[in-house]
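Right after this note come the structures.
Consider the two complexes below, in which chain A is the common component and chain B and chain C are the respective partners.
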Partner chain A sequence: MNHAYDVSHLLAGLMIVASFALLYQDRIFAVLNIFAAQAILLSMAVGWEAWTQQRPHLFITAALALGLKGIIIPVALHKMIVRLGVHRDIDQVVGVGKTLLIGLALTSLSLMLVLKVTATAESFTREGLALALAIILLGFLMMITRRNAITQIVGFMSLENGLILAATGARGMPLVVEVSVAFSVLIALFVFAVFVFRIRERFDSVDIEALEDVRGDTK
Partner chain B sequence: MTGVDYSTAPQLAILLSGILLYAVAAVFAAMFHRHKSALAAVYPICIIAAAVTAGASLAALLADTHSGFRLPLGLPIIGLHVKLDALSAFFSLIVNLGVLTTAIYGMGLDRDRDLSGRVEPFFPAYALAMNLVLIAGDAFGFLFSWELMSLTSWVLVVSHHRDAGNRHAGHVYLVMAAIGTASLLFAFGGLAGASGNYAFDAIRAVPPGPLVSGLVLAGAIFGAGSKAGIAPLHAWLPLAHPAAPSHVSALMSGVMTKVAIYGLIRIVFDLLGTPVWWWALPFLLLGAATAVLGLLYAVLDHDLKRVLAYSTVENIGIIFVGLGMALAFRASGLTAAAAVAMAATLLHCLNHSWFKSLLFLGAGAVLHATGRRDFDGLGGLIHRMPVTAAFWLVGAMSISALPPFNGFVSEWLLFQAVLAGPQFPEPILRFMSPAVGAMLALAAALAAACFVRAFGIVYLGRPRSNEAAGAHETARPQQVAMALLAGLCLLGGLFGGVMVSAIQPLLQTLAGAPLPAVGTGPTPFSLVAFDAARSIYDAPTITIFLLISGTLTVMLVHRISSRRTRLGPAWDCGFPDPSPLTQYSASSFSQPLRRVYGSTVFGASETVDMPQPGDNRAARFTVRLHDYAWELLYAAPARAVLKMSERLNALQFLTIRTYLMLMFSALIVLLLIAAVWF
Partner chain C sequence: MRETLILLFGQTIQMFLVLLIAPGIAGITRRVKARFMRRQGAPIIQPYRDLIKLVRKESVVAQNASWLFRSAPYAILAFTWVAAALVPTFASGLMFNWAADALALVALLGAARALLALAGMDVGTSFGGIGSSREMMIATLAEPAMLLVLLTMALTAGTTRLPEVAEFLISAPITVRVSLALALVALIIVALAENARIPVDNPATHLELTMVHEAMVLEYSGRHLAMIEMAAQLKLVLYISLIVCLFLPFGMAPANAGPAAWPVGMAVYLVKLVLGAALLGAWEVSIAKMRVFRVGEFLGGAFVFAFLAILLAFVTREVLN
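Up next, the complex of A and B:
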């Protein structure tokens, strides 16, 4: 039974590595590729859960993660960037070094917190939950340290990956909820897509600072 | 409050049918609010409903009924409890007698001038809401009816909404009502405790611990006290009470404040368990301060209805002192003295509802006849409105606690209780009771000064405006309403002993013992506080003595002086100037009091702007008063809220990334707290 834990921890750990890579990367296509890799890792992790816990309905979630986030969304975004002809490098608000340091701090915070709070729970749930929380926080961090609308989308979906990882680890989240989570990601994609098109139509850029100019905001 | 059996007594059934009639009247008036002839039926229906309900509650009070049942409405599981006991019945009597007389007054109102379709639907609804508060048997029903009462009275306050002052009054009232109800909500939450059962019977069965009961006490005093008008939460009363139509002002000031007192008695004496002596301290301190402060405001104000509202603040102070004394005596095991204090409190609630309604109705008659409420525009109305003047004088004498009227009975009983203060085992209470007694005595003297001033300025002298000069007597129904109330004031004064014996069972439950020596006096009408040897008020005897001595004095004066009636110019301080401005004015009357108390309590300052010799402009005399309660407790927080919201306004214009950053930092801070704490 022990290797079941080892494999799922390995996959979750790899997802965190992917999250750090997302934070580090400053080229859009590379970001998309890493995101796709993270989604594939997620589907593997969920699939492994489904296998070891004998919960076949989790395979659907795994398939959704693989199909939607691993293939369709990255490909769609890829095509969009080519069609829009936007700059392929990303403006970072906070430097890479600092971002990675903050990311480390967040990861250790989530480990400390979850391991401490859930001292009585069974060990897999605890560590899986800690890793999932770290992925969520890193996704959030990615959203606020990048100015590019596409990386914000990617950050949001990476956050969503963390949520799904936590949900499958937490023994028996009903499938209905998983489907709705998947759909919410899809809807978010639509919203963001429209949003991106709108920005470009008006300002020939997907830099969200352009949005702030039109509201007359101070920076 | 023990041994509640859930059967429906006939009194409760009749009471509920009366309450139902109020609902019918409200719905009827709302449906036909455009038909003037249909609206004329609203007040007669209210009169019938009030008579039925008052009769049923009197019967319930005399029979010491405990009755109630549970309806499958309201909160799930708990349901809606309806109950009637002697305490509810007593306050229901106050409410419905008030509604009865004010509805009679309402019948005589000028449909085109004084009323609008905005008043009639809400008058019965307001009466309904007050009745519902009294028969509520659980916290949910209580708070729901309480809010209904606030909202319906708020609608009546802003019924003349074109006046900016009324809108301001409505705003302040609404804010205060909301804060007060929130505070009561917390009090009931504390009472229900972990079990979460909000039915009064369940709360009574499990009294809270000492810390929680202190918090509940604070919540109840704040919540019910703000509705009753305890200082420093009184600031909405002089705004909202005068803004409503006068018969509604009478209900708000005379009756609704008593419903608030009912809530306080219900929580503190019934639900909160065995009293501890220090519970009395906030009541005594707040009550004494309120009594004096309310009258200082009243004696310096220039608006007839505002003066009456401030006087209500004073009377609530007296009632608070009575409650405090009753609590302290009961906690100290001195049940006989507790019964005296409680009897004084309950009687004062009843008496104040009568004379304050009477005074507000009289003020309404003056307002209708002259269109003015300010003292500087009134005067000489005793010749133009003799009936109103006579009844108002009765009200003024009652509120100034002069025998043989009812105000004296309750204040006398309260002073008897204060005089028993040296029996307290706790030194703080022993020390406080004479101090509180002295404050009450000061308040009584100030009340007399206030109403001598009000009566003198409004009814005596010469008219200070053309409107006052052209005033006319008020309509017949209004006179009937005032006559009823004045009669009640006199009867209450004469038969205090009888009234006290009627509330003996209620005193037994609230104070732990009935009055010790009822019926031991020399005549059946004597009111005996402790024993017939040292504390006895024999109203009929004193009345006869007053009549005889008064007649003799008048005869003697007429014998010694010339018997001829001479007609001459009114005394004008030696200035043969026909202008009414040369008369004593409201400000002149209160000037000595203003100089004594004003500079400390109100930060009063007087400035005289005297022109140089040769300069022919008029000299000006200006008095500036500060209302510290308003400035510190109302205006300052309001300014702070405004300033804060202006600062926070910047938050509306941040970048998307900053919003995300804020959320993220909040999340991280919460996670850090969780990581450190657990």
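Up next, the complex of A and C:
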């Protein structure tokens, strides 16, 4: 039983709990706070990995995660919500109970899958990959079940948290790739922001249900 | 032979200890609640006086009540008492340790609950029926979560026998276990629901719209009511003991220590129990009761936590072995 494993297990486990909290929570500011907490947990997990595995370049990844996703993106989204004036509750396509059950099924699936497939890899990699895949799938699930454009953005970002966690677990991801991924996420935020404002301008709402009407294939 | 007698003696002490302190624990919780509301509050021995008063009083039974209605209180008390006597309290390794299995515990409590729900419907009043139906709804949500919590502990310790789980946790080196923390949260939620506590049910009200437990026992009076109250108080002690035994077993007398270690174990246990009761009181005044239809989400949260706990425990086991 080693200390290094326990702490990384704790942080990754708490990230999964944060993913479930994102699925459960239906108030928009609370969603942002949980997302920020998840990003901070991610940066702690990456920092711990850097410290225990003697891989100093991971500290840069941790700092990027903390700065961009822990602070800048939540603050930017917060401002966006205030400007859009959507402080009200989020409506969901499926109920909370069903979403959580699907989430549990996805988590079990990814754990079973990764632990079976990576039977020969070392323990850090297996653990990191298994939990990261679960976080990625939960991010997808959040994007599917939410109808509000802003919480869909949060779902996308939390999916990306899982990607970074997976990249940390696997050895040999070059720093250049990580930095460019981090900045492309930032750019994605700007694109999303422009889109959301355009949607609002056109339909007076950020509920993407409104987009269904202009598809033109059903009627 | 002498050893067996000592162990039997220890088990007997535990059986009567839980019975003796149960009303006192309920009294402490009520007193703490009253104090937080800036009321004087009834003395801690008030539940004992209530029980004595109820036993002395005549019990009124409805005309169309069947034998089930009259015999249910005794059976409920018996099931709950057996369950409470099995949870390790001040020492592990007592006479009936082999029977203190987590699944047996859930089964005993389930049997008591089924009897109570049947008795609630027996007389045919509408309140009893609605209480029974709500109790069953809560039970169907709480029981899977409870089983998952106990299985998480079993997966960690390698056995479902509670004394051995406690011994394992005392002897294991202290580590950070996220699965145990999640299991603790889930078990606390289940315990609140099972004991008809705020936010799921309010033990101090008789408001028709909200009551669950009180609605089922509305027809009972006299010594029957005393049995049911006693069973409810025992159940509270059982759950606090279970949480203490699984998550804070430190101070419990180990199996091979013999009777000399029992007084210390008992003192530590009583302190933990009183702390638990006081915390429950503080929790109850600081939160509002939920609508009945939101209870599903609350207990669903317990289920999710318990499921995540067992998944994470599974990952740890797979990865480290």
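One rule holds in what follows: the second predicted complex is superposed on the first by the 214 of 219 C-alpha atoms of A that agree within 3 Å, B and C clash if a C-alpha of one lies under 4 Å from a C-alpha of the other, contacts with A are read in each partner's own complex, and residues count from 1 in each chain.
As a working rule, a residue touches a chain if its C-beta (ideal position, glycine included) is under 8 Å from a C-beta of that chain, and two chains touch if they have at least 3 such contacts.
A quick note: this is a predicted structure, and the numbers were derived from the prediction, not measured.
With both complexes brought onto chain A, simultaneous placement of chain B and chain C is permitted, the two fitting side by side without a clash. In the superposed model, A:L141 lies in contact with chain B only, and not with chain C.
In the superposed model, A:T107 makes contact with chain C only, not with chain B.
With both structures placed on the common chain, the touch criterion links A:R126 to chain C but leaves chain B unconnected. Of the two partner chains placed by the overlay, only chain B lies in contact with A:V117; chain C stays clear of it.
Think of it this way: put the two complexes on top of each other by chain A, and the tightest Cα contact between chain B and chain C is 16 Å.
Applying the stated touch rule to the two superposed structures, the chain B and chain C interfaces on chain A have no residue in common.
Considering their complex, residues 173, 175-179, 182, 296-297, 300-301, 304, 307-308, 311-312, 314-316, 318-320 of chain C touch chain A.
Those residues of chain B whose C-beta lies close enough to touch chain A in the complex are 653-657, 660-661, 664, 667-668, 671-672, 674-675, 678.
Contact residues on chain A toward chain C in their complex (touch as defined above): 1, 3, 5-7, 9-10, 13-14, 16-17, 20, 24, 96-97, 100, 103-104, 107-108, 111, 115, 123, 126-127, 130-131. Of all the residues in chain A, the ones that touch chain B in their complex are 93, 106, 109-110, 112-113, 116-117, 137, 140-141, 143-144, 147, 208-209, 211-212, 215-219.
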